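Letters A, B, C and D mark the chains in the order given here, with residues in each chain numbered from 1 onward.
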Amino acid sequence: MNDRPVVLLAGFEPFGGETINPSWEAVRALDGQPSGDAVVAARQMPCVFGAAIEALEAAIAETRPTLVVCVGQAGGRSEMSIERVAINVDDGRIADNAGAQPIDTPVVRDGPAAYFSTLPIKAIVHALRDAGVPASVSNTAGTFVCNHIFYGLMHALARRGDGTRGGFIHIPYLPEQAARAAGDAPSMALPTLVHGLRIAIETALAVQVDLRETGGRIS
Amino acid sequence: MNDRPVVLLAGFEPFGGETINPSWEAVRALDGQPSGDAVVAARQMPCVFGAAIEALEAAIAETRPTLVVCVGQAGGRSEMSIERVAINVDDGRIADNAGAQPIDTPVVRDGPAAYFSTLPIKAIVHALRDAGVPASVSNTAGTFVCNHIFYGLMHALARRGDGTRGGFIHIPYLPEQAARAAGDAPSMALPTLVHGLRIAIETALAVQVDLRETGGRIS
Amino acid sequence: MNDRPVVLLAGFEPFGGETINPSWEAVRALDGQPSGDAVVAARQMPCVFGAAIEALEAAIAETRPTLVVCVGQAGGRSEMSIERVAINVDDGRIADNAGAQPIDTPVVRDGPAAYFSTLPIKAIVHALRDAGVPASVSNTAGTFVCNHIFYGLMHALARRGDGTRGGFIHIPYLPEQAARAAGDAPSMALPTLVHGLRIAIETALAVQVDLRETGGRIS
Amino acid sequence: MNDRPVVLLAGFEPFGGETINPSWEAVRALDGQPSGDAVVAARQMPCVFGAAIEALEAAIAETRPTLVVCVGQAGGRSEMSIERVAINVDDGRIADNAGAQPIDTPVVRDGPAAYFSTLPIKAIVHALRDAGVPASVSNTAGTFVCNHIFYGLMHALARRGDGTRGGFIHIPYLPEQAARAAGDAPSMALPTLVHGLRIAIETALAVQVDLRETGGRIS
């Protein structure tokens, strides 16, 4: 990867009884691909509290990225969700892949209550919709390993203080997962997901000052 | 088309302010394609009460199909919906493309209250899920032009009495439609839709006696 | 009950693991109450294919009603649903209270595919909304015991041919059920349900020709 | 109110085209009521960025409460939502009642990214469900005036540093609002809301150390 800037894309291993995780399938399809002047490095994270952040920090140390985007599965959502904020709490509705189910413990002891994404989240949503990819801003990344790694990422980047930007994107099930799920679960095809992530990265690299466009919710 | 049996696939023109209709995009991709020994003929129907049934009857007279599958857009649904039943009522929540909005009038005066699909709906859902395409049986095709043409189709086939089978499949928005829609609308990519319709046709041609598998709903 | 006309209100026993059924709680609160010149007779039906229709026919023979309204639980719905149509199929997603789970068998062998409600469904929805009770027309009563008894009712009334009217209303969970349910289940308080049923009956007794107001759905 | 501790309950004026706000209807029903040793003081807040926090601070100065619970309308939700966290951003999807629609501006310049509720949120959810009131923890209060006042409240209490606790509860539409809304909107009856708020207050007054029970979400 020589001197080209690196975009680190982190996806997750399967969890919750699934045999596949759309986040890993989507990010690995971009591994080694160029994005403007940069090149993408995709890495798989364990769906385990604590170990996920360690793996992410190791990948950051290894790849020295200028941009870090973590991606996770949000079963039940219809759109790509560009997350706005990570909160300092772990509260597992289910156990993680190592059997741990923390309840109301902080991600980082004495850390701030939350970190905001430093991605241009409005510009990303705008670019995705323009490209025909359903997307919206989300104001909660939940309280499971996705929020955990998102908080850990933003905490690590804040401590580095070198301006490296980062954030989190939740994506729907793949069609093959929705086909097996009970009920009427929405999904997104892998090519749409890969196309969407490519646009999100390009937008994040290109846009320094975010758009002033509402992405808010009343509740 | 010589002596090969014909599968008539009917899709709709756009309606309700949309500039595209996924049903026409999906069925026209299969026009002229083989399906087993048969060949597909795709035709576009107007989203107009009355005229839709006339256009369908003309297409049946023209193509002399052994199987007829009508396909329509169901904005808000996440899965391919294999419709079970058409009811003898028009009740437009919006006006059709000719400005008509019938309320509680029969599709066919003195027609029976309903017709059941003669497709093997359970076998189709089973085959779609096996192929990784989200699908389920639906017990209502609504009361707009989709239900209207479905009822008209089954009424026409019943009068012919030659065993030609037919039915209706509702499909989600395309991603580009969901990207423009307000709210968190589910969608399905065009290749998934085309793949799903191909499987539905093949299953309908191959299966004479439907699977005995629940596809029911409590309410 | 002497010479006053009788409105027969049928509710169901609990099913599907519930210990209470809002339909029985609501209808029994109206038992013996006047509605205009008429009086309400409430009866509980078993949640059992076959036996439900037998119990309803016995209650009709006993009470000789001028109006019959069956009421059932629709867990997951937010509003009172005035059902438009009953279809001639049993397709149990779960077993009934006697352990039977019919799949794709007719409610009545050689019966018509469907019967429409003979209640003024649009006028009822209009009156309920005016009174502040959330309500809408529904185009499917499912394929479980609710649709079964609704079809059985309309078949029995059609054979009598004396103009007795009937129909079916689906109602949400009670709050106490939703409080125990997984997920974010909507509910309706018992006083709202009782108030709504009272309005529905009064409207059905008063209105002979239904309103011409859309209650349709696109899909 | 003499020497009895005061619980300040803040509800909102109507917004978004509504003529009623369930939060004000519910809290005013408790005004002057006892809750254990304490007494409730209910106050109405304007649905206006900035002015809402000023009104709340004035009410705190006036009533010197030991507990402050703000309550707001969450149209579309089915349950009472006990909010976990307030974030430092205003992002109006619609304009407030004074016509302002801030986008991505902080509630408090240089304030922390978020504050956690200091109510025992898990104990409140547990007590509500036990009492048959549908309830859950929510991880987002949106980005409109509800989140705004919630953040302002927690910021004010943090600066006082006297241990006064506070938090926010979102509640569904009233049935009469849902009856007028498009679509299938869930609602909750006023007596259920009042009963639920009474339980929430009692629980907040009685419980110092929250339950360790999962209330988390995966996404």
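Some points to look at:
Operating definition for what follows: contacts are C-beta pairs under 8 Å (C-beta built on N, C-alpha and C of every residue); 3 or more make two chains touch, one makes a residue touch a chain.
Predicted, not measured: the structure shown is a model, and the values here were computed from it.
Relative to subunit B, the most remote chain by averaged C-alpha coordinates is D. Chain centres here are Cα averages; for subunit B and subunit C they lie 30 Å apart. Per-chain Cα centroids separate subunit B from subunit D by 47 Å. Centroids of subunit A and subunit B (each the mean of its C-alpha atoms) stand 38 Å apart. In subunit B, the positions touching at least two other chains are 77. Taken pairwise by the contact criterion, the protein chains form one closed cycle in which every chain touches exactly two others. Put simply, subunit D touches subunit A in their complex at residues 16, 72-77, 81, 84-85, 87, 89-94, 101, 103-104, 112-116, 122, 139-144, 146, 170, 210, 212-219. Subunit B contributes residues 77-79, 128-129, 131-136, 174-176, 178-181, 184-189, 191-192 to its touches with subunit A in the complex.
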